[in-house]
């Protein structure tokens, strides 16, 4: 398997705060990776560095073998990345259908766009609410809508930042199945998640971040057996 | 507004009923239609302070004339729109008065900018137009008549007198736009002619209301005479600020006191030793002036000050009357010809005022107004019958050659 | 109907369907025939109201659709007006020179907009600060132009003439054998009306196109738009340039209307007016902006004519009432009320259909 | 009141000192004007996000009430207090009737406050006429070398600094200040902590209006009170606040100082026109270089985001 994403000695300081302090991360093509860690570990910051929302203080980012460290965000997206934000990043004052059309219209055109739209609506089960304003959806539905928008770009690599926040257990389970389905179709997926049941449901490999550094890495079983990981979650390290 | 409105209503009713019946009668009724005077003046906005007395003055003159039977047996009717000190409004309403109200004459505009906004419209429609304000001078326009004083009347009297009394070093501060720049140019030329020196000249953007820097500059230059050509409410703050810094130079101006009565509005001694040449101020004492003031205040007790431009506006209506009577018609071309034919005069509150055929400007009696420390006013000198000669001498002769330009000492007519 | 033309009826504009276009068509037709019914002044005056529409539509596009509040559209208005004045006075009205002046008066604002837009959008200037930068630019222009009274401020044979403004520029003239067509009075009205229709339809197509979709996306959530792969800053720059050229078009037409342009056209008061029109009508819809601009300029003139010194007070009260009781703007709020009312009635009469959630 | 130190020092040093003081006076004068212009607006705009285009009219209100009550016989300090309170009261009423409906509608607040400014300007013209008789600047003047200066204006910068100090105390040390800053940071959180956010918004707006009134009151003896006088302040107000950024306490004084320095230097060297244009150009550049103003820059350097 080829490497799709690699970070080398990635660092990000905000003033005196070391949010990311030398992360070397390697994601293989087709992988489904979970990033976990306590609050403030730097998970979301890492995503933003990968997507180019912030310039890194040091280090490099490689995507599909190319150095994209200084590339503008929209160009990174055009190369095949896509993200679902932690706080739902949808167009609240626009109807569901238009949200998806905006996402779809770059890769698709004409009849293909309409077909893709129907597939996505079916995928997230919002066909009957297509002309509802996104603001009127439930929190879980908004999360799905955003996942659908991220998927609409047909990315090579999908970054999901807490996709199940605010969802009921049932919704969370459905989301997990969706993620697995997408991964099975060949999409590389990196997920930030707190819900361990969800992580168990989907993850093959887990990376633990702590104080902006990679604390541990491996299969979920290995991670759970690491007592230090348990401790950092309880705030003892 | 119009006291004769029931009569007017009856008359127009009569005209309307008879119009269908007989062509002869209807033309007769039309002949008795009032003459329409369009007035474009700022009742609100920045300039309202100096313009409101003007609006009263038009009304006073019109009511007086109507009470005595009107002009050519016809009543005068004012159509006034509030131009809100907004140049765009001037344009809208000038067109409205010309094209919709079809007025016979237009009086109006205060700032030079508003005059220049409507002058092209007047020229395109060949509309007879009176501008009744002191200004920077130089408008040579066949369609325009000016009743206000101009630099050759105000500065060639004021500056030599000041230099003789106080000394030859002059400092000018002027509003940084057309009026200020052109007036400053006049001052500069006259000072040079009189063998004086300009020790400073400073132009102030209209938005400036803080003058500490200017005050220091003046103190450093130590002039004998300070010429202040400041305009508008922002710049009026200079006087209080210079007084509190104890600047204490004799000042000379062509705009202050006569327009916005700063000596009444500011606490003494902010305008101490301010000298102004104006063709009228309320303090002028003479039978004509006293009578004017009495009639004015009887009709408009609310008026704060009867300023120079009120006298100019009042005179303008009477000059128009004289023109129409000489022409024997209200046809605008004929009235313009009559007004420009010489000998059109009126005896106004400040004395006799006549239209100069070459420049369409008016002669004036010029008063030197001196503001004392307690802000009371005395008049140390009066120049009788000063002619608006300058345009004529540089080559503007509207009686021979039509024109629509504005000239300045550094922008003379092409020979 | 080609696909691009069908975009006039898309999701980003209120007012759709045959009834709407029929009413609009009737309005345009009546307007076009007006010169045969009413006097010359009414036509000149209507031209004057329409002149401002372009600047308002441009601002609606920039602000209402793309979410960028520019407080200085008058800078482009003034630049275009002065450009037309300088070029046309120098080159005269022979041949097509006045049209060349018109063209250049749109090119220069476009260039300024590219410069200013690049400076702002690529420099991280956001939100209300865009308004501050653009306002400062227009105030600098005003202050500078106000002091150009002296004869040294002359370009070729054109005096800039300071605060008193430039005047006497030739009208648009089209050579036509012996009698060239001079765009003045009724012909200017038709020209302006045609431009209004053209720009309005063009903007409807633009905002309902894929481009328009991205604009509203940027307005709603610029970060998300960027993460969908759109070059947000380029879109912002582009829309800013279009809006500014439209402000320039208003400036040229205003200059032609009165053969006069003045620095106070770029002052604080002048700069606030387009914002008032657009906000009061409903900034997220160009139809609302179009009608609000005409209505408000007409209203403020009527108030000045009829209300004498109470005019400005009435204007203020009306604007307050609109803001408080029609939060999305007068036309948009009324439109939505009507639409919702109709839907309610339809729902009340239509047979009940229950859509079952798919499990 | 006059005094002179001319005979205490040798000539050359004296001239230098006088010139230096003259420039400093200029700077301080400009600084005071910008701080006082910006204060009320900074609180309303910076802390509440309401763009108050009627700011100038609050200043006008303060000036008018000050002049009228001084002419009615009140001693000047009390007249100024009246002006301040009157503007605050008007602010309180307007907040209750209008502004509170617009807190989450930034753009609508522009239209509403513009409308208020139209009504206030024209209403004042109709009620009080085109102008009222002014006041005399108190305290006289003092001389230094070839210059003489107004004592009152020399005091204004001190008053501006005192006001800044008082506001710092208010926002950092009092319960109102802490709650109000919390409300501005995060209204939901502040509410959870027991702050009555509605009342805090109302109080903040009233405070902003009263400060604008105080500016009018302080400048009332130095300028002409006319209904349109607010326009003389509005541009400087916005300029100062924008350069300052959102945090009034951190940004306003440095912002006014920088702008005053630039304006004084340019006006002294190249005249008032360049001074005015320079002020506006500075804003354009500052917004580009420091998009969040001086206070945003300070906060960022101190480790915020």
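All chains are identified by letter, namely A, B, C and D, in their written order; residue positions are counted from 1 within each chain.
In this section, contacts are C-beta pairs under 8 Å (C-beta built on N, C-alpha and C of every residue); 3 or more make two chains touch, one makes a residue touch a chain.
Everything quoted here is computed from the prediction, not taken from an experiment.
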item	value
Touching subunit B and also subunit D, the following chains	C
Pair exhibiting more inter-chain C-beta contacts, A-C or C-D	C-D
Distance-maximising chain from subunit C - centres being C-alpha averages	A
Closest chain to global C-alpha mean, per-chain Cα centroids	C
Distance between chain centroids, defined by C-alpha means - subunit A, subunit C (Å)	42
Where subunit A and subunit B are represented by their mean Cα positions, the distance between them in whole Å	75
Centroid distance [mean C-alpha coordinates] between subunit C and subunit B, Å	38
Set of subunit C residues in contact with two or more other chains	143, 147, 309, 311-312
Numbers and ranges of subunit D residues touching at least 2 other chains	122, 125, 231, 235, 273, 276
For subunit B, residues contacting two or more additional chains	44, 176, 203, 205, 207
Complex contact set, residues of subunit B against subunit D	44-46, 48-49, 52, 176, 202-205, 207-210, 212-214, 216, 219-220, 222, 233-234, 236-237, 240-241, 243-247, 260, 264-268, 270, 304
Of subunit A, residues touching subunit C in the complex	51, 53, 72-74, 77-78, 82-83, 85, 89-95, 98, 101-103, 105-106, 125, 127-128, 149-150, 153
Of subunit C, residues touching subunit D in the complex	63, 69, 119-120, 123-126, 128-129, 132-133, 135-137, 139-140, 143-144, 147, 268, 272, 275-276, 279-280, 283, 309-313, 315-320, 322-324, 327
Of subunit B, residues touching subunit C in the complex	43-44, 81-84, 86-89, 91-93, 95-96, 98-100, 112-113, 115-117, 119-121, 124, 176-178, 181-182, 203, 205-207, 404, 408, 410-411
In the complex, subunit C residues that touch subunit A	11, 210, 213-214, 216-217, 220-221, 223-232, 355, 357-358
